């Protein structure tokens, strides 16, 4: 069976006063029906932009999808008309944004913001939409939904707002939900609750999920497959457990070292990755990670590595691991 | 909300009292009284006039008498328009000035807001540049210059409109336009800036992600939020317009309070000045209150206790 | 705890300071730079007026009254035979001075009052803001006319009169900015380090509130120049022989039917100056507004 | 939703309120528009500009020229001025003189016989009682008439006027004691404390025009006020026009008095607009909304050069003199030589011919041409002469201006005053090398400074209330007189003035005044600069216009009853 979503070699560039920012520069991945994948990387690596590209919500006119294909159920989303795309958004593909503080309209009631999509996609009346919104709020675990549905975002706590965002995303029972760092700004206990909620709901509705996060630590628990992005490119992907236990890219290894691991006794200090991500306007000639890589080879600064299968189903774009070595592995 | 309004109104009464007291003191500190003219009046005439208008009493008595009168709705008698009560003078002028001001306000917003929104939606397009240019140019010409240019063009050269006066719709066109030019420009600028700001907000992206109609996104999500700063500025603007402009009323010979008030100041017509200040302060305060209420109506985050 | 690996700016080249960034942004705004260039050129021309024209602003040529533009008098002469171009140049001094000095007065009065109210909060803030309310309820024109008749006709007193009625807004602005900033973390940090009240205000709060204040000033300068023109119409402007654009517009206003250029030259000059300040103000706002930093 | 309807309702209230205001106001004031009477003949209507709102049009209280403009259309006094400024009888049968015995030999009792066919606009007769009432009301302390001081010589007048603090009974007694009574219905007797030959001229002024006692009794001081719609039902006069409507701050509408006792005017309607901005008035004239308009100062030359407008110019001298007056009690202007030096340094003809484009006339003495007392030879010693100015400056103790303290000149910031101040500044700089500091003041602040005699050197103008030296010399130059702001004090002048004021022989009286004026001019307490000339535009179809030196802001207002329209 063909995957639900296939992103093929997508390039999304931003035109700024400083030059063209190649935020997403040839990224491919796919999602199967009901599957959860994770897109992992630091801030600014292009993961959010690649997700927005799917919905064609990249801020125009500065940002533009230059090339590539996004096949959803075999249909190229980039070729759809605006009207057809409107029918996709919210109805078939929806998104949960990372900032619940700012992602909800402060002057509309929560219920209204949930029912909006229902009114448009399911031709519901405002009244029915509000009833459905109440039900959805209950589903995402908000107490007293019949009252809360008439409240405004500022009356909700951060965690509750994100639950409301989830309710908005699942309102029309989409086939794919993109969760863009859904838990960054809430505290740890709520993070776990929210992720569980998302997992349960997607399971229940049989919805595919793209979980975008910088926290590789949580990925293994929720996602089946992981795609690691760096500087606008996918640098490694594979089964979540493979990537987690046997990273084939020094960047992935660095990400893992920078987050606490629940499965290992805490013996080492957490180690942030030194240095800054490269300039996306004028990326370095070779491997984008080369400047920050402790293990780099002379080849790394000259030739850009491409994704190669290291072990079955586990790909990486790294000259070092492609030579069969993993010096980061202890 | 009710308690908030009551508290504001009570506070307003205190402010009015203080404002009147300060005005009263200032007027008596300023050189020149109502009877000072280049062709001097005889001392006995001045004495009789002071007696007639109660200006022979000690100052504190004058103020107490005045304040007592104000509490009873009596603002005294004008010195420069004999025998006319200040209440009747204001009642004569305020409707005209307010009509002009409200019309100018409506015109200004009706021009400014759509222009601002259009400019923001089509940022850096011809519409945008045209609206920026239009608004800055009209904001750069003093009202009386714009006024006389309009009079020359439409009344003297083209004979389309009467030059001045009060009574017909045609007579309103030029003064309303002159009054509206600057606020329209300001409104366009503010709307443009706030719309641009709102368009960048995350919740607009959220709204788009729901796949709803673009027009719904614009009206429900962008416009309503971008209106908030516009309302903040519109309040003082409306107050400013309703209280009248000496220059426009003088230039177009409109029998409004703006002209009366300034003439009253120059004539040291104490009661008329106090009446004008009272009108001004009440208008400002009430409109600020209206803005605050409107503000709460548009933005649910704001609650008054 | 997860360690955030957050570089602050997404699509920006290596980070700049707020001000450095603002300057770069401003430089790219051609309208704003054009405005700034006009203001600087005009200021230079006003300062160097004697080098540009050999006519004095008060030199009367009673045999050359109300002449049209010519090679001798580029913009013609006025009702006392004074060279309009020279008066326009010297008048720029007055008009710029009105704009700048009134704002200076506004800052001197409004900034401390707003800062005290915003910083102290509570009862002090309440009293100060009630006083500001009272000031706000006064018609500006009343205060200006009364101040003009108390203070006399000198130009400094004109600055003072306009400044004295205009400080209210800036103090409200400063107060609002400080109130908002006060709750931020860096103030708590500064407090925790044992900084004193005024010190915190001066060192940490004001610099952060500076952006909106500067923007407000750029918008208020042309407003003050406008006010001067309006006062000339009412008849309480600058005293002769000092030229000001407002007074020249008023002179020309009376001659619109016979010598339109008498109105047009100063009116166009004023409009250009207003445009320049408006563009500069817009540019500064765009450059300094932190919301724009995305 | 609730919130939305709330906003909507506020918006709709705003719109409705504004609509109500517009409609209410438009219905109330369109009624004053011109309407043509007959289709076949030219409508006899004229629209003029009063250029300002009046304080009052109660004859006993009025004091400004624009108030006089309305009053003289609606009332006729005992006497009136001809266009040549001689007196003519109006309600009085003849001009009272000693010769016709209407004035007693001592000049203190006036017995005036009235015509018996004079009627009010409601048809009732005008009798001596109406004049008695008017006189007594003029002196009422409660009314506080500004022109009362002109009539101080009437027996008992001042005593009553000064009774501000007295009881009603005392006031009544004082009122009864005033020396004005009706001998019979058509004979009025007025007693004066002193002989005052110019009292006949005062009888031609508006403060003593007849006033209806019944209207004042019924409506009090508000009888001369419009009702809420602007109508003037109580404003009953005996003049050729009736004031039908006074829409305050906007316009006056006068219609012909169809019951007028004299020759009926030709105009059926006069509208006075109140356009205060001079540019607007000219625009309205050009747009055909006004039949007469002034021109903004400085545009006279262009107007004269304009082929269309130049035939429409109406210009005539008015009895007004402008002067730079010194405070002679304070240094340095207590120095007569300095004052004379400054007088010689001012090129008045340059001002008139260049700055004012020839409108106006150079003045070298106080009393203006066109009225008794003018002397063309006077003051020529102090006409423009830079050489003499320098000599006099040296004689004054300031050779080449050395040692001269800072000279300050105060002037009200109104009209063309800033220009004349700049002109003076330029003249002193060019001709004497003296720097002058101009202090431009808000007008009331200036008046206060001036009335308190705190000024050093200022600008003043004086217009005739009536065309006689009585109105020009004693009020300004007698020691301590009400309008003597210069502080000028000359015992010789005071003595001659006293004599002249009471002199019944007119020739001798004028000779005395000529001597007095010569004394003043020699001392130069003021530098006389120019006499005013009215310069207005008038549509060619306005015919029969007769102008007078006493005209106010509206040119020809004194004789509007003669005007007609012919297109």
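Order of writing sets the labels: A, B, C and D. Residues in every chain begin at 1.
Throughout what follows, a contact is a pair of C-beta atoms (placed from the backbone, for glycine too) under 8 Å apart; a residue touches a chain by one contact, two chains touch by 3 or more.
Since we're looking at a predicted model, the values are computed, not measured.
Trainee: Provide the labels of all chains in contact with subunit B and in contact with subunit D.
Mentor: Chains in contact with subunit B as well as subunit D: C.
Trainee: Starting at subunit B, what is the smallest number of hops through touching chains needed to reach subunit C?
Mentor: Between subunit B and subunit C, the shortest chain-hopping route counts 1.
Trainee: Could you work out which chain's C-alpha centre is the most distant one from the centre of subunit B?
Mentor: A
Trainee: Find the most central chain, measuring centrality by the gap between its CA centroid and the centroid of all protein CA atoms shown.
Mentor: Given all protein C-alpha atoms shown, the central chain works out to be B.
Trainee: Quick check: how many Å separate the C-alpha centres of subunit C and subunit D?
Mentor: From the centre of subunit C to the centre of subunit D is 45 Å.
Trainee: How many angstrom lie between the centres of subunit A and subunit D, each centre taken as the mean Cα position?
Mentor: Comparing mean C-alpha positions, subunit D is 88 Å from subunit A.
Trainee: Quick one: subunit A and subunit B, Cα centre-to-centre, how many Å?
Mentor: The answer is 53 Å.
Trainee: Quick one: subunit A and subunit C, Cα centre-to-centre, how many Å?
Mentor: So the centroids are 49 Å from each other.
Trainee: Residues touching two or more other chains, restricted to subunit B: which are they?
Mentor: In subunit B, the residues touching two or more other chains are 30-32, 148, 152, 200, 266, 298, 300.
Trainee: Hunt down the residues of subunit A that sit against at least two other chains at once, touch-wise.
Mentor: There are none in subunit A.
Trainee: Listing for subunit C: what residues touch at least two other chains?
Mentor: 145, 149-150, 253, 256-257
Trainee: Inside the complex, what are the residues of subunit C that reach subunit D?
Mentor: Touching subunit D from subunit C are residues 58-60, 62-63, 65-66, 79-81, 145, 148-150, 152-153, 235-241, 247, 251, 253-259.
Trainee: Under the definition above, what is the set of subunit B residues touching subunit C in their complex?
Mentor: Per the stated touch rule, the residues are 11, 15-16, 18-19, 22-23, 26-27, 29-32, 136-137, 139-145, 148-149, 152, 189, 193, 197, 200, 243, 246-247, 261-262, 265-266, 273, 276-277, 280-281, 284-285.
Trainee: Mind pulling up the subunit B residues that touch subunit D in the complex?
Mentor: Residues 30-33, 36-45, 47-49, 51-52, 80-84, 89, 92-93, 95-96, 98-99, 102-103, 106, 148, 151-152, 155-156, 159, 162-169, 172, 250-253, 255-256, 259-260, 263, 266-268, 290, 294, 297-298, 300.
Trainee: Please name which positions on subunit D make contact with subunit C in the complex.
Mentor: Contact set of subunit D toward subunit C: 278-279, 282-283, 286, 296-299, 301-303, 347, 350, 354-355, 413-414, 418-419, 421-423, 425-426, 429-430, 438-445.
Trainee: Considering the complex alone, what residue numbers of subunit A touch subunit B?
Mentor: It comes out as residues 55, 57, 59, 82, 85-91, 94-95, 97, 99, 102-108, 113, 116-117, 119-121, 152, 154, 165, 168.
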